[in-house]
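After this come two complexes, each holding chain A, first together with chain B and then together with chain C.
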Partner chain A sequence: MAAADSPSAALRRDLCSRGIRLAGKMRADVVDLLDAYVEQQGLDASASVAAVEGVPLAAVERWDEQTGTQRLLENLAAYRAFRALLAQMLEEQREQLGEADAGLGRALAAVLLQVSAFAYHLEELLRLESRGIPGNAEEEEEEDGPPPPPRLSLFEQKLRGLGVLRELAQWAVRSVRDLRQLAKPSPATGAASGLAESP
Partner chain B sequence: LGGPQNLKCVTHNLHKMLCTWDMSSRGRHGQMDFCYTTNDLTTQVCFKTKERRVEIPIPESSITVTIKNSGTAFATKEFVIHQKDISFIPVTPHILSLMPDFPTSTLNLKWSDNGSVFPYGLDALWQIQILRKEAMEVVTQVTYYSKLTHEDVILSWNWTSDMPLECTSHYVKIRCYINATHFLGPKDWSDWSPAGVIPGKDAEPGGSGVFPLDSVVAVGSDLTFCCVHEEDQRITNMTYGSKSYTMMQLSSRSHAIRVLNASVSNSSGTNVVCRLENGLEGSVVFVGYAPDSPQNLSCETPNFLIIKCTWKPGRPSGLYGKRRTKYSLFERTSGKNVSCEVSEVNKDHVCGFPVLPDQKSYDFILGVSNPIGQAQSSLLVDITQRVHPKTPEKLTVTGSNSTSIQLRWFINGSFAEIRLLCQIEVTSSHSERKLYNVSMPGRKSSTYTAQLSALHPDTKYQFRVHCSAADHFWRWSDWSRGVEQTTSEA
Partner chain C sequence: DSHTQYERVGADVTMKCGSMDWDAAVIWTVNGTDIDESHLNGSYLILKNVGLSQSGQYACYEGSSWHLKYQTSLKVGMPPKEPVLMCRSNNYPKGFYCSWHLPTPTYIPNIFNISVIHGTKDMVCEKDATPKNRCHIRYLQLFSTVKYKVTLTVTNPLGKNFTTLTFDEFAIVKPDPPESVVAKPVPNNPRRLEVSWQNPSSWPDPESFPLKFFLRYRPLILDQWQHVELSDGTSHTITDAYAGKEYIIQVAAKDNDIGTWSDWSVAVHATPWTEEPKHLTTEAQITETTSASTSSFMAPPTTKICDKGAVVGSGAVAVCWTAGLVVAAYSVLFI
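Moving on, here comes the complex of A and B:
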């Protein structure tokens, strides 16, 4: 007979499943945006893009060994980084294209909104575990101003955008797996695994 | 034997000449006595020299030179030199400055014409050579003309390359020819100057990339793009948009492609991509049109507070964002300039200019520019003759009886300087649509009234009003909203 869920475990599983849906929707939208972006920027969809500075990599070694807190913290750091990168892409889009191709601008803004919402969702999960939420690098930057981004040429900006969207799509997949992992009850206590055993 | 021979004299400045000679094998060394005399010299001028070259004045007509080799008693030779025997070869010019302007791929060359040593008014020809690549291939040779003014004048010349200056090193050489018509001797070009050089990125350690970088060019241009890479990197191909182009090698670190008659690019520009064995370099070029002159420029005022100018922009430029076509409205009388916020996409080209105190006549120049070109249109207008009032508002019936009715309405705007003409449209089920004209002094943001009589009793009428300037009609305002009223029974 399965042990009755404690209220926080039930809330955590609810947050995880909502997070999984959010990440799934985000991934679909990012893939659509990626197709539109490649076409609109005249890029070659198969172009290999070197690792772009400042873009968090979704690939991780020994994924299974990560604790729940590590998963959440890494996810949160990544989506905060994507929030800043997408905001910069949106700014560049407006500067370069003005009102032309407003559709792409709207799609970019929509994904930015989802990324922000997902970051907030991750903070909720961390709050639930009364884990301190790491300072938002962005807010700290706002006090002394964001470091000026390196002046990229337009082609480099295009490639960076491609790299950002590709990696974001990968992160959405990883986030679904991470949240599924977090939602699983751990064998011993029947509570959601991962978070409890972290140091 | 042992005597001087082959005396030759050359002048570089038409004042002095440099004479040189050979000595036959035996008399090659030792000191010599060099003497010369001309018709206008009373005595011979002599001096000793070990060099076999001497600088002496140019004779008016001829000069007699005697060279005696001190070591050998009988080795004395006399030469008579006429002006026609003297060659005139100007001094080799030297480049004062050679400055690149990379965004425009233009070289600016400055040099001194050394005119102070020559008489006033001589014609000078300058041949300028541009060379490229490691093999110093001549790209172009141009002749530049100037007139000497007996002063040293710094001459300046620009050259725009058909390829970005970053692509490979460019070299410049210059030489000159002075058309001294009064000088009898043979005249020739000077030597070439030492080459000035503008190093390309391919001469720069670590220099790499596709050039030009993020440029804006006119549709129909023939473009050259180059890919600068490391020496050991093999270049796979270069594409412009989706098409691959044959590459030309400029140097061991630079390859180029040539795109002819470029067509308009899409809003995000056309990518020029250089694929290397282990990497990607690229640039973006925006190909668009220079702006057309604005057509049908028209300006009117709705309220004597603002002047609204509209126009037809002509062909879209194909440029967007910060490269879009920008408009500004300049008024000559007041000197005031206004930049216009024009939407690229929804195509309504309107610009507002404030009505200025005590100014009726406006001499407008609508300036339009984008990175490719600029154009303008002008219009002289008296705004009292260009009144297009706003739609009358709050049309209400303020009184009525069986055969007449009083109407009141409001028009936003300051019309104190003109008379207004308003037209009231009256319709009813019994009779045809009638229009009544009523004229009144304009006022500042005010209500206006009118009375209509000769109406039919017990009849439902619909009324609406529009207005314009009375004295110089320009355009009616839009119709106001309608109002309905039934006259009372008789």
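Moving on, here comes the complex of A and C:
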């Protein structure tokens, strides 16, 4: 049904497939991490956590109308933010518990690694479309990323961590869907589902 | 000037004859039939411990003139019990529907009111024409972690009740079962069955939201199911079927990433291919040479011991019952 595959279309599909697998694995690990985190931190799994500043929300309106570029940019921005948030959580973990909770720390670090890898994968996809990759705000700032927020209490830190992980789990599912949309052959008019045709 | 009156089952009901005095002479009827005076206290009609069968049209007439003084429709029923509410998304990501019913009937008209809140936002659940006790909602947002809260209130003249459901977007995703499940034998393969099916038609976008499938199968004679999970494709070949046994096969579906498994599909039956029996045969098979059979042979006349309809079993082990009797008789002799 599709015309002969151009090399870039085949590469895009390949990157999307790999991205889908990465996101799938990431989601499974985040879900496990969430369970461990809730237990370790003595939290109630069903606790409602108000939207915390700086945590990218996966919720989106008119998701099906997004262009491919929009999807990639929003995903990239989110995972960059998660990279910083998870690094902060790791830092807080070490401060709170020292070496006492190595298991949770290791799991957090593993997820952080996958988040970084996924962000890089998204940059690859953007590069494929000769899209300029938006500057990484963190590169210009201190190594801690965004300016450190006011010091939260221990409990607030824990709740925030819960919010971060929950939202990350949602993003992982969304990313799989986004990449599937991206992998679809774009219609001749270069409309919503594929990446926009070059001008 | 007609009235309607609702009363609980088991209640004691007193009906007054409009503005007539207590000591006026009146006649009460129910659905046109006179009511015996023993039920009257003066001009009041007393109904104790009313039952459902006492619902009806009650009328009161002045004794001498037969003027109609009062009439009322009595409806005996119950206040509503807590309703049963269920919400489900079988058309993700378009939206979800909620459906409800009462666990026990009230016998009088009920009004249902449903409210859906997403965080702080009120959403409208549009009532379906059919079935009646159902409404649907379109998702405005996807991938939200904010839960949905659905409250169903049921009201009738005798009371009210309600129930609430709280859930998140992913939890209620449950597709309809796969459709058009077909199972066929594979020629020349006595242990194989080819099964194929289709995505449920209610699932709007299987390309972007692919389904995975769960197949279960067993021979009719066994209770234990075999299971196969399939992450893609809408067909599968069973390769370990017992030769000659009839199988029952079902398929279920689930979104690849979220939600729960569908109910099992309609069951299909199939028997693996079996070779045509060459020696044990019935008279019917010998005489029906007009059928498109590729092999032809003449059975020796001594095998003509069976009637057409007397075959027991199938496939390679067809034995007619008279032959079976003979064999059984001989076996008894040899025990």
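Assume the second predicted complex is superposed on the first by the 183 of 199 C-alpha atoms of A that agree within 3 Å, B and C clash if a C-alpha of one lies under 4 Å from a C-alpha of the other, contacts with A are read in each partner's own complex, and residues count from 1 in each chain.
We take it that a residue touches a chain if its C-beta (ideal position, glycine included) is under 8 Å from a C-beta of that chain, and two chains touch if they have at least 3 such contacts.
In this text the structure is predicted, and so the values were computed from the model without any measurement.
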Should A:Val31 be classified as contacting the first partner (chain B), the second (chain C), both, or neither? neither
Using the touch definition from the top, say if A:Ser48 reaches chain B (first), chain C (second), both or neither. both
Contacts of A:Glu95 with chain B and chain C, given as first, second, both or neither: first
Scan A:Leu128 for contacts with chain B and chain C and give back first, second, both or neither. neither
On the A-aligned overlay, A:Phe155 touches which partner chain: chain B = first, chain C = second, or both, or neither? first
After lining up the shared chain so the two structures overlap, which partner does A:Arg174 touch, if you call chain B first and chain C second: first, second, both or neither? second
Which of chain B and chain C A:Ala110 touches, first, second, both or neither: neither
What is the shared patch of chain A, the residues that chain B and chain C both contact? 48
Please give the residue numbers of chain B that touch chain A in the complex, ascending. 209-210, 213-214, 241-242, 266-273, 279-284, 320-322, 324, 343-345
Of all residues in chain A, which touch chain C in the complex? 24, 27, 48, 57-61, 63-64, 166-167, 170-171, 173-174, 176-177, 180-181, 184
Listed in rising order, chain A residues that touch chain B in their complex are 40-44, 47-50, 94-102, 153-156, 158-159
Contact footprint of chain A on chain C as seen in their complex: 93, 140-147, 170, 207-210, 257-258
